[in-house]
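So, here come the structures, one by one.
Across the two complexes that follow, chain A remains constant while its partner is chain B and subsequently chain C.
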Partner chain A sequence: MLLQVQQENVSQKKNRAPKKRAKNQKRLLAPYLFLLPFFLLFIVLTIGPYFYALGLSFFRYRGYGSATFLGLANYLSVLRYHVFWTELGNTLFYWAAHTLPLIVISFSLACLVRWKLIRGAKFFKPIVFLPNVFAIVAVSLVFQNLFATQYGVINQFFHTTFPWLESASLSRWVVVLLLIWRNLGFWFVVFLAGLTTISPELDEAATIDGATVWQRLRFVTLPLMRPIFFFAFIYDAITSMRLYTEPNVLTAGGSLAQPGAAPVLNLLVTNLNAGNFGESSSVGWLLFLVTIGVAGVIFGLFRATGEVE
Partner chain B sequence: MPFLKEQMSRRSALKLGLGVAASATGLSALVGCGSSTPGSAGGSSGPVTLNLMTWGGDADAKTAFSTIKNLYPDALKNISLKVTVPGANDFDVAKALRLALSARSNIPDLIQLNRTQLSEFATNGALMDLTDFINPVKNDLLNGALQLATYQGKIMAIPFQIKSKIFFYRQDLFERAGISPNDLSTTEGYIAAGKQFHAHFPDKYIINLGTQPQQYILGEFLSAYPDAHIYDQGSQSFQLTTNPAFTEVFTFLKQIKDAGIALPIDDFSNDWAQAFKNEKIGGVLIGNWMKEFLPQYATAAQTGKWAVSLWPKFSPSLSVDESLGSEAGGSIYVIPAGARNPDAAKTYMQHYLLDRRGSVAQWEAIGSVTPLLKSAQQDVMDVVNKDVKPDNVSASDWALQAQNFFGRSYQELEFSSFDTVRVFDYDPEATNEIAILLQALENVLSGSASVASALQQAQNDMQSQIGNPYHS
Partner chain C sequence: MVSLSTQKQPQHRWTVRLFLLAGGYAVLIVVSLVSLYPAVIMLLNSFKSNSEILINPGGLPIHWTLANYANILYGSQALVQQFWNSVLVTVVTTLLSMLFSAMAAFAFAKYRFPGRNILFLLLLATIMVPMEITLPPQYLLFAQVGWINTYQVQILPFIVPVFGVFLLRQYMLSIPDSLLEAARLDGANEWLIFWRIMVPIARPALAVFGILQTLSVWNSYLWPQVMANDTGVAPLMVILPNLRDTVVGFLPVWGTIMAGCVLATLPILILFLTNQERFMQGVVMGAIRE
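For the complex of A and B:
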């Protein structure tokens, strides 16, 4: 009898096992089905065009008619073109010149607000963030009015005629100023959010131990803010490599800036305008490699000076 | 996942999966594999929606269509208009056309382009040959209009707007400074007159020229040279260092810049309009389209103070007559080879731009595009001489119209400028070539390169970046 019951149990278990497996499979499958629409769209609209552009970069192709395979000729052509190096240099300059002041100023402002070292923080926060809300083109046009040679506010005020926007050596600094002013609010908010994650007890403990403001900043706040700084430098570098609107609207009124002040993306757009999709794609991929390189340098610097997760 | 356990049966999951897969398939088809089904040829069989592509805005195109449809209701009764505006300038239209050709889908029936882009699309067989269509009215077309529409012996476009060369100058200031436009006919005379003008009015200049000129300046000057090409198909080489046109034009502009007679600001810079308003600029060598901008910049306060003439010849330092030429020819309409409604497009164009009444009616309605038919010239002059403000135009706008701001002689001068039009021989890589040439000019004007070295650099750049512009 006992044996019979045991046998029945075993056979019931055997019958239930496939059902359980099927249920488990269904449970495992369900989240992927929910994720599927995103991945399909991502593959079709993002990854697909990336690889299409990669393929295109080996061809001479206008978008219609026949495509001629050129191998690496498009890449070599871009690399041999002095304008590419000039414009790449400009892009790196815009990044290097604005990123450190931007991050230092925005972090300082966040500290002032977080540590209640200034009054009227509620008023101060939206004011600092405001430039980030304005459209880039609108802001660039305002800067144009400020820095115009003959009738700009700055030159009129100082009775000067500096060609702020005509001379590449001057206009590059105006672009840097615009980048700092416009992005200040965004990083201010990011750093402020980062500072709120640091437990006030740590600060209090340091204060009780006799730490000065500078020591609290140096030995408590900065080490704990390290991941935020890492994110800030990486994110700002990536967006800087894609810089396009500010220099063009500011120095050329919306057409393409002269090479002395133009970002490297201009070369991509010039080729796009001329229907040279192959060369345009090769510029895009070279820019991608440069971006990876810059991000790698930042990663390396952070790793050399401490751990990066 | 209790929620899923309760809500999602196997059948539902399968349905979801199939639905997603079907959507993805549909999306892929939408993104990459669109195909077009040829529609009606646009004859009189049924209603046709004409897809017209232009840049900047759709207002003028819609006004023109409604004007022509009112004028010829029977001929256009089955045609309605859809205007597509892919962007602010002709580059955007060219890009949109390439995309449409690439996708073989939604190819517009009529596309406005600048003459600089015609060679690319015509060389690659993307446009309809309109020779037979235009031939019946060929003799009525102004010489400049016919040049505009012709590419390598075939008529590939419908001429829309000629951009002829006109010199706008402050007649009152010239008189006070003791300068006559005839004094400007030589380069030396122009520079001397510029110095005299500036000496008389220390805060004013006879011209404006900065270090980043607009690209149209190249087309304006180079088009005067009948034998100038950027690329020579015979020898398969770029001509920047061998054809004297480029050296002469660059040297001339550098001379003007260095002579101190030019206000150092560029066209369409932030200072430009303000400089006209503040009476800092006494003259401008430019295209006829400036008739629309200058009255607005200078404001009604300067009405009657500006006069117009053909460009000075600038000889003998320039080996050609610079009163000839054009600014990139002008703008045109083309019908793509893959257009869905080519017959409807032709019907509309026939009544819009190639018909005396139609072209005059649209000119009266819009005001900017002068008719290009010889038979329409007298009608235009009659309207100008009648000098009656249309009811739908405000008094302030009326005061700024060319015949009122510059005087009634403007229209006659513009017509005569159409006879001096020469179209530069743009090749299929014109956009890229002009961008490179403009960089060279900027280097010369900013003093960072000599004319010879800038042109040599530009030639090297063209060789390395473009190769043979006629290879598709």
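For the complex of A and C:
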């Protein structure tokens, strides 16, 4: 643990004989009582709805009247719908295009700040972290202001008229930029904390043995940081699959992004708004399978290059 | 150690080092500016009239105006109701989720009981399942009881966050059992041990979790957009992107929107500025487990 608990002096604890059998009865029940509220709500609000959604995905149900069993028809119709593949492609693109630059840049920044000659880490840390504090909706709207075609800051500054947000192929990159910009500080802080856990003696020992900066990074720092890299890639992938706010608010304000830039969750929402509860649920479960697949790929890549704990 | 190894090195090594150092600072300064710039734009544009933003989107306001703030506070685009909706939902959700997560975490960290591992694995297994899967069924369930467009529908689904249990359990594991034993010998019952000993000691972790949960609830967009988009109960985030000029051409009213963005950012920014270390610790506690 990073946070140290101040260990109180507990040596005065007395060793008394086990004379409290009756109290033990209460102690056996206690953990279940502590778990009860959480699990009761968790079953009603999370586990139950998961299974309900799974059930719904095999039925045609409009929210009223009776449900018709369809088997896998909802899944097949989603899989046959070209918009599903476009939007799934967008979600995967948003993840793939931002995750590597994000993690590489934030790690490099953390290394830079840890460099002995650089002063002022305390000053830079909160500034770089700041974008993570802003409301996602707010920064998406500000980026809309920056990248607007006619009245945007960027186009006016460079005297250009790129349709940054109107053209799907351009707006996808603006979304990637927003994702990197907003999450940079988050991973920077994580990597910085990770680097501080590496004992300086290790680095010094390597230096005395004649290791160059590059060798120290490659053979000392990177192997020690492996678990954090693994966590970063997995965590970022899982959250990227659920991407919704940034692309929609950035390119369409309060409405839904056009299919060329829309994430796959949009299909769940449009089906839900249309009252197709079965199809909406099947999109959700397909997204779950994609999440497992992406996490599996990352796990495989880490496994191929060494141990994963 | 640095000076020791450099003493033997020729002069040009120092120049290289100096260049690298200058480059390093340059990178940090550029990154800081890029991090801050959109926030500065947000603030500046909130003091421009809607028409000035179109001509002068990136510079200092030529005519400073408070019209946008007047508009979101009292005007036709008032966001006060939605602001308080956001605050209410965030505060209630965060407090309830802290209580329930802490109780569950306490049970997992400090008791051995049959079924512990299975229950914990059950929680672990749900990490990969996107929460949004529950949108269609929850919509049906909440519609059944007539809770669409209420506060409940925004609060209930978020009061049992699994990551809260993980984070708090991790911290509580590091608290020595002997403390609890001592209290038991003094005759404290299990609830008192939790409430009077565990909760105060775990306060740093609770604060960190509270901050993370506050951030995530405050940022909610998809859920309330589907479940509670009525202006009476909707949070700020749902209404903010929809501010339009109802008189002229239905265009986005950028000045007002930027003032709204400032309003949406301010509470969290204040929380950040007063709890900087906890914010960043929270990030780290989630990521590094040793």
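A few points about this structure:
The criterion applied here is as follows: the second predicted complex is superposed on the first by the 274 of 309 C-alpha atoms of A that agree within 3 Å, B and C clash if a C-alpha of one lies under 4 Å from a C-alpha of the other, contacts with A are read in each partner's own complex, and residues count from 1 in each chain.
FYI, a contact is a pair of C-beta atoms (placed from the backbone, for glycine too) under 8 Å apart; a residue touches a chain by one contact, two chains touch by 3 or more.
Keep in mind that this is a model prediction, so the values were computed, not measured.
Following the overlay on chain A, a clash is recorded for the pair chain B and chain C.
Once the two complexes are overlaid on the shared chain, A:F93 sits clear of chain B and of chain C alike. Once chain A of one complex is fitted onto chain A of the other, the partner contacts of A:L272 extend to both chain B and chain C.
Which of chain B and chain C touches more residues of chain A is settled by the count: it is C.
Applying the stated contact rule after C-alpha superposition, one finds that A:A30 touches each of chain B and chain C.
When both complexes are overlaid on chain A, the residue A:T46 reaches chain C alone and has no touch with chain B.
Of the two partner chains placed by the overlay, neither chain B nor chain C lies in contact with A:F299. In the superposition on chain A, A:G63 makes contact with both chain B and chain C. When both complexes are overlaid on chain A, the residue A:L184 reaches chain C alone and has no touch with chain B.
Look at A:W85: by the touch rule set out above, it reaches neither chain B nor chain C.
By the touch criterion defined above, A:Y151 lies against chain B and chain C together after alignment on the C-alpha atoms of chain A. Of all the stretches 253-261, 289-297 or 361-369 given for chain B, the clashing one with respect to chain C is 289-297.
Overlaid on A, the two complexes show chain B and chain C touching the same residues of chain A, namely 23, 26-27, 30-31, 33, 37, 41, 45, 48, 63, 145, 148, 150-152, 253-254, 271-273. For chain B in complex with chain A, the residues that touch the partner chain are 1, 4-5, 8, 10, 13, 16-17, 20, 23-24, 27-28, 31-32, 88, 91, 94-95, 98-99, 101-102, 120, 124-126, 210-212, 214, 263-266, 268-271, 274-275, 278, 280, 429, 431-432, 435, 439, 442, 446, 457, 461, 464-465, 471-472. By the touch rule above, chain A contacts chain B in their complex via residues 22-23, 26-27, 29-31, 33, 36-37, 40-41, 44-45, 48, 60, 62-66, 68, 77, 80-83, 144-145, 148-152, 163, 165-167, 251-256, 258-259, 270-276, 279. Only residues 1-2, 5, 17, 21, 24-25, 27-28, 31-32, 34-36, 38-39, 41-42, 45, 53-55, 57-58, 100-101, 103-104, 106-108, 111, 113, 116, 119, 122-123, 126-141, 143, 156-157, 159-160, 162, 165, 170-171, 174-176, 178-179, 181-182, 184-185, 189-190, 194, 201, 204-205, 215, 218-219, 221-222, 226, 236-238, 240-242, 252, 254, 257-258, 260-262, 264-265, 268-269, 272, 276, 279-281, 283-285, 287-288, 290 of chain C touch chain A when the two sit together in their complex. Against chain C, the residues of chain A that register as touching in their complex are 1-3, 5, 7-8, 10, 13-14, 16, 23, 26-28, 30-35, 37-39, 41-42, 45-50, 52-53, 56, 63, 109, 112-113, 115-118, 120, 124-143, 145-146, 148, 150-153, 156-157, 181, 184-186, 189-190, 193-194, 197, 204, 207, 228, 231-232, 235, 238, 241-242, 244-245, 249, 253-254, 265, 268-269, 271-273, 277, 280-281, 284-285, 287-288, 291-292, 295.
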